[in-house]
Amino acid sequence: MTALLSVHNARKVFGGLVAVNDVSFDVSRGELVGLIGPNGSGKTTMLNLITGALKPTSGTIMLDGTVLSSRPAHFIARQGVARTFQLVRVLPSLSAIENVVAGAVFGHARHWGADAYALAEDLLHRVGLGGRADAPIASMTYIDQKRLELARALASDPRLLLLDEWLAGLNPSELKIGISLIADLRDEGRTIVMVEHVMDAIRSLCDRCVVMSSGTKIADGNVTEVLTQKDVVAAYLGGEDA
Amino acid sequence: MDILVTGTVLGGTYALIALGLTLQYGVARIMNLANGENLVLACFTTFWLFSTYAVSPLLGIAIIAPAAFALNWLIYRFAMRPLVERAKNRGQLEVDSILATFGLMFIFQGVMLLAFGGGYYTYNFLNTPVEILGANYGLNRLVTLAAAAIIALALWLFLYFTRYGTAIRAVAVDPVAAGLVAIDVPRASAFAFALGGAVTAAAGSMLSTFYTFNASMGVIFTMKALIIVIMGGVGDVRGAVLAALLLGIAETAVATLVDPGLTLAATYALFIIVLLFRPQGIFGRSPA
Amino acid sequence: MNAFTARELRTAVIGAAALAAAALIPLADDGYYLSLAVNIALYAVLCTAWTLFSGPTHYISLATAAFFGIGTYTVGLGIDTLPFPLLLAIAAIAGGLIAGLVGVATLRLSGVYFVIFTLGLAELVRQIVTWLQTNFTNAVGLYVFTDFTEAHIFWMLLGLAALVYVTGWLINRSRLGFAMRIIGNDETVARHAGIDVARSKVILFMISGAFIGITGAVLAPRFAYVEPPSAFNPLISFQVVIMALLGGTSRLWAPLLGVIPFTILFDQVSAHFPNHTSLMIGIAFMAVVYVLPRGVTGLVEDLVRTRGSGRPATVAERAQP
């Protein structure tokens, strides 16, 4: 079977800085892949290339045979790529349920009217915000806003879900809830790529991880093996990158 | 040839207005739509000084530019600063400053209409012909071009070769980071806004020596200056000068070769080309 | 969200009653008050059509005079050969088309480019029309002779107002309206949710431009003689911006709260102090920015909230452009 997501020699240059340096990797259907690396290693840039927030300088990104690279973000979203943001982005003047409906109307799966609202209601329950459909967004805690963002991403029934440090900033008990939520998504067969710094989460959730350092892919494989690899350890503990 | 010289003179004046605007927008982050009125006000003041007190327009600049500096400082301090302080993001500041400067534009216009009426004004100054390569040009136009070149050069030297000029350019690039390296950002912004007003006023003084002006023509100049600023790239001195000359020549060419009533169409044609192909400006780097 | 809510029904009934009552005005007076009523209806339509686009996007459009003039010119050129309703349709298409072109060129970029582009648009179209007329026809002006009276024009404007309100309401219920609300909150989220942001804005701008075009066409018989400087009067653009913002842009009916007082005031000022109109518009702009950033509607909402809950109103929450 071919890969669902295939990144081939993706490259992104900002002025003189090579943020992503000819990175290639594949993600198969149903796989949960961790994308890790030290700060500034190009992980979020990589996600931005996949979702179309940025256009790659060169290289190809494909989703199930469709070329995504250099297409606009809305096209990529409609192909079935949904994401959350590193710094949570909710829609403050919309109600909680409308925030979720926003994900259901224009994306990969398209719902409208009562149908979209029913779906959004289900998803709010799913992420633990049941009964809070009309809650004002501004009064929501950080984790609740993150939950809301996840529900919005799920509302389009994405073929590929990209989580950008979705677990960052959560306290230990919230972290547990968050990890089990992602585990549920994995168990129901969603394909997920998660950029993450929380190593416990990577260890307990991911089958495989891709490690980036200074824009280059330095490792790709089974999580426990990769994390003991010398250059990976060096990159994290202060090799040339720190 | 005639087109080139006439176009360059017009372009020189445009360049000064655009430089004034690019300082105000690029550094102080205020899209000043009343800048054209600032120019017209300088036209009227020069005319008034010349006709009432026989003050030469060249000397007039020495009075008008500092006065415009003071006026624009006050405008920034009391009208624009509150908007900068209350804005939650750059987009909101943009909308607020556009609306507020529209207000200023109409107020200036209203005051000038009350003071001078809606008629067209012109006066004679250095209106002696000078022959260049077989064609005659008004001395006033050539003096204007020289003055524009001197002012633009002085501005460039100030911005690129003095300590305070560098600080101002730093604010243009990133106000937050500039603040972190101990640059007084509000003061630099006010200074840039005021300086921009002074440069534009100087352009107005020169313009009035050869151009027929009236109280409500400011907005067209504002618009052209804005288009030049965008063509040249916001905050880019070289770009603004080049774009201004380009626009001056293109307009003169259209006015001479096609129809004087279509100058704005020439402006827009250039504008559309820039918007479609190089929205970051002629010299601008392609966006990241 | 598909059925009528009680609130919507109530608004519809009140709106219809208000329109019906307004329709009786020409029976009561056909002089000064009717003429004032025409002006109010005119600006009500223009400002509401303007708000359809500029309300949710926060782009300040100064293109009103251009669309309006195109509508007027359509009638001026075609009145002798084509039936009036067809001319209205052509005016709508022409207005929408120009809006589409402007939108495609500028709406991908930030709001500043858009403002600058529309600032000179009326003047540009005026230059081109004048040039075309002087070079390819005999006269610069056009005569528009019809049997329409001021009352007819007023009724047509009321009909148009009803149409604009219904369209606005339909847009708000549609995917396009929902997309605009998301865009108004966060364009990045909108894009990643699958919304073609630029396309949505262009479509909305075209709808707005089409209505303004029709309005210009409806008004043409009132001018009797159409020439470029009067048809493409840039002041219309500024007046529309100021009235709409004065009323507020958060609700469909909000601009009306700016249109009625401003039109009456402007009428008085231009009658008694004709040299002070610029000053008045300038002061109104300042008032909108410094005193009423969310318009009269915002002020009323804050008052209601303070009274209702007994706690101070929250700071003006203006959505990000």
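Order of writing sets the labels: A, B and C. Residues in every chain begin at 1.
Keep this in mind: a contact is a pair of C-beta atoms (placed from the backbone, for glycine too) under 8 Å apart; a residue touches a chain by one contact, two chains touch by 3 or more.
Being a predicted model, the structure only gives us computed values, none of them experimental.
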item	value
Closest chain to global C-alpha mean, per-chain Cα centroids	C
Centroid-based (C-alpha) most distant chain relative to subunit A	B
Distance between chain centroids, defined by C-alpha means - subunit A, subunit B (Å)	48
Intercentroid distance (Cα basis), subunit C paired with subunit A, Å	43
Euclidean distance of C-alpha centroids - subunit B vs subunit C, Å	31
Contacts with 2+ other chains: residues of subunit C	none
Subunit C-facing residues of subunit B, complex	31, 33, 82-83, 88-89, 91-92, 94-96, 98-100, 102-111, 113-114, 216, 219-220, 222-223, 226-227, 230, 259, 261-265, 267-268, 271-272, 275-276, 279
Parts of subunit C lying in touch with subunit B, wherever the complex brings them together	58, 60, 105-106, 109-113, 115-117, 119-120, 123-124, 127-128, 130-131, 134-135, 234, 238, 241, 245, 275-286, 288-290, 293, 318, 320-321
Complex interface listing, subunit C residues touching subunit A	1-2, 175, 178-179, 181-182, 184-186, 188-197, 317, 319
Complex contacts: residues of subunit A adjacent to subunit C	51-53, 72-74, 77-78, 82-83, 85, 89, 91-94, 98, 101-103, 105-108, 112-114, 117, 152, 156
